[in-house]
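Every chain is named by a letter (A, B and C) in the order it is written, and numbering of its residues begins at 1.
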Amino acid sequence: MKRLINLRPSRSTGILLGLLPFVVLLVVYLAGSQARLADNPNDKLLPAFSSLGDAVERMALEPSKRSGDILLWTDTAASLQRLGLGVGISALIGLVFGVALGTVPYLRAGLSPLVSSLSLIPPLALLPILFIVFGLGELSKVVLIVFGVAPFIIRDLQQRAQELPAELLVKAQTLGASTWQIILRVVVPQLLPRLLDAVRLSLGAAWLFLIAAEAIAATDGLGYRIFLVRRYLAMDVVLPYVVWITLLAYLTDLLLRIASRRAFRWYHQLNGEGN
Amino acid sequence: MARIAFNNVWKEYGDQVVLERLNLTVGDGEFCTVVGASGCGKTTFLRMLLGQESPTRGRILLDGEPLPAEPGRDRGIVFQRYSVFPHLTVLNNVLLGLELKDAPLTARLFGRARRQARDKAIQMLDAVGLGQALDKYPSALSGGMQQRLALAQSLVMEPRILLLDEPFGALDPGIRSDMHRLVLDLWRKLGLTVFMITHDLEEGFYLGTRLLVFDKLRVDPQAPGAYGASITYDLPVGATERRLYEDIRDDVRATPRALAAAVDAAG
Amino acid sequence: MPVTTPRTAHWARFFTLFAGVLLASSLFSGAALAKDKFRVAWSIYVGWMPWGYGEQAGIVKKWGDKYGIDIEVVQINDYIESINQYTAGAFDACVMTNMDALTIPAAGGVDSTALIVGDFSNGNDGIVLKDKSTLADIKGQSVNLVELSVSHYLLARALDSIGASEQDLTVVNTSDADMVAAYASPDVTAVVTWNPLLSEILAMPNANKVFDSSRIPGEIIDMLVVNSDTLKANPKLGKALTGAWFEIMATMSKDDAAGIAARTEMAKASGTDMAGYDAQLATTKMFYNAADAVAFTQSADLVQTMAHVAKFSFDHGLLGEGAADAGFIGMAFPGGKTLGDGANTKLRFDATYMQLAADGKL
């Protein structure tokens, strides 16, 4: 008998094994839901799939009675806009400062301690201050995401810039490059794919901050809806929203991955990921 | 005439002496190979030539002027690794220097200027045998091809001095001799002054016009860093005998052993 | 002064709902049976502090012992979570407002009985405008409040009183924990909230209270709600809880040493001092006498109030999507009065036990 660590599942077994936990979860949910509903047909905690379906239909296909909007799409649009703005601004700030700090020692000496300190502040602790300074509107939500994500991206890119082989920078100088030209033609192009990596890594945190901000003060958004309907235990809405957010997060990650492969073929070849 | 002069150059880090009493004059078009045991200051010597390091004492002159204290277009370099830009295709790697020179702000050329630069780059790539690989990325090239690209990239800028830092150290022997031929060929054609660092004594002995051997003349067992290396042999290549080659080889091998013994004794 | 978070949620605790409810309280809620151990949940709010005090001073235990049962009184930091836990079956009784009793457990199919009517808000909830001084000025503004809470209800009732509706303004859902900070920001010009947040906001410059719950007396009611099946199977639970409650009421309502000591304890537990707590009590109509509570519960006004609440809840989708009208959930009142669908009666106002207390029969 081989050792356990040397036994490998075949491809199809692997897929089946991967699906198994999902099936188990589903069965546990169904059993729990049925038992609770048999006890109390109005139970809201573990709604039947039919009521989940009704809720999805109501939220995703029918205009709301009160506003006339189709809520799921309004919420999704609002959340994605905030997320996109927050992450986009963070990426831009991250690139500019990461490159500057990573390539210019004087800037690094001057700004690195500040960036390190900022990145240690738990962004949620700043919320009351953000509200007072930026108001309760869109701005403070975007700023919260930027506060939560930008320092990480700056530090990551600074690190990556410093990790670029010194030989490359010397080589560029022997080709006559100025500091600006080195940044423009050597450092930035090499950091762009790494920026996408950093953005992908920070998306989870960005979602967290987005939902936290929407839970605290908002008129729409995915996080807003979850925390609103939670007030009357409408799990039939909360559960599909959670699944939807998970799906959105997965799709954004997938899109970024594909974009990176398309735009930075050299980077993926370099990392041995093939074509 | 590109004449390089080292006038009593010392390089020290704290009380650690790396190079001492370096006196050297290299004329235009010479091909110097530099050998020596590791820790004997070959790399420091090269970094000073590049402008990455400055001497702590003495002066380095280029045509009578002090050498600029940072790397520049007049001194090209090929390292053992990381000499080419992974994010640029073969053609763009060579084009890069030309674009940097003529477009200070955007570092990119367009239209006619770009076509001219492109022609020049392709000519250079043909000369090193990469004319068929213009649109490949370096990661798709073999080690030898990458070093050819690095050479083309430096030489298209028409530097006066070409510095080679163990450029073929990572290559297979067969490919290495191809590269030797290529370098010699380019050196003759372009009339460059070449400094090549190598850990391969035989390579140093038979390539180029002049051999510089770096070694420590004195070793203090109590303080291995107290004395620096200097040039112990400065020989014209071709007029040397087999016995001398073996002597030098033994010397170069003896220094690290003496240093290791000194460290052991001190520890 | 730490701002407590009564009556509503703190978002971070949301996830403990899944963990707590799915795992701890088990997926399969058992049918109500006669038993001798019970769990009561309460959260910090002026009208509910007596439960904490009663537990601490041993009054609840004394009454439990009297009826041979064991009552565990558990403080939950998050108000909404405590109701959700009760609805999921983790607790036999829980404190909540009349509106939340209708929209959470009753709408969730858990037949619930208001065992003790403790107080109603008499100025504890209010609408504050910045720089403006009349309620009509609220039109066209963004109003920050905890959406779907009693604040929202208060706003709806206030708008009724001037013939306006929610279409005339924008409601911005805002966590109670951030309400004071929100008011301090320049773009927030109108809030609806409750004490102690209300008094903190009113202490700021240019804050004008334009409406409060004393204008709709008796409509925002703080109660102890018990699972109806559990109560039916265990009348001694009702007796013990009611007995304990009115003993605490008797103690704290007096200005003697024991009364001051009791109120000081409650003040401390809610993060304020005696003066602060008395100020909150002043805008809260406590039913110190069981007879008053009985009279309030039996009055026709309560039926009228619950009709308002049901309409508000239906209009805001709180009764669930299956609800065809505001009468979808039936309510029963003392004396056989009912409201809504009698076949779906899920919320019962029962004065029986309070009557026993008033009669001194516990």
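Keep this in mind: a contact is a pair of C-beta atoms (placed from the backbone, for glycine too) under 8 Å apart; a residue touches a chain by one contact, two chains touch by 3 or more.
This is a predicted model, so every value here is computed, not measured.
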- Message: How are the chains arranged in terms of who touches whom: line, ring, star, complete or other?
- Response: line
- Which two chains have the most C-beta pairs in contact? A-C
- Query: Farthest chain from subunit A, comparing Cα centres?
  - Reply: B
- Item | Cα-centroid distance, subunit B relative to subunit C, in whole angstrom | 82
- Task: List the centre-to-centre spacing of subunit A and subunit B in whole Å, with centres computed as mean CA coordinates.
- Result: 47
- Averaging C-alpha coordinates per chain, one finds the centres of subunit A and subunit C separated by a number of Å equal to 38
- Note on the structure: Touching at least 2 other chains, the residues of subunit B are none
- At least two other chains touched by the same residue of subunit C: list those residues. none
- Message: So in the complex, the part of subunit B that touches subunit A is made up of which residues?
- Response: 50, 52, 70-73, 75-77, 79, 81-88, 96-97, 99-101, 104-107, 137-140, 150, 153-154, 157, 159
- Query: In the complex formed with subunit C, which residues of subunit A make contact?
  - Reply: 28, 31-32, 35-36, 39-46, 54-55, 58, 65-66, 127-128, 131-137, 212, 215-219, 224, 226-228, 230-234
- Interface residues, subunit A side, partner subunit B - complex: 165, 167-168, 170-178, 180-181, 184-186, 189-190, 264-267, 269-270
- Task: Within their complex, state which residues of subunit C touch subunit A.
- Result: 8-9, 11, 14, 17, 21-22, 27-29, 31, 80, 84, 87-88, 103-104, 107-110, 144, 147-149, 170-175, 177-178, 181-182, 184-188, 316-318, 320-321, 346
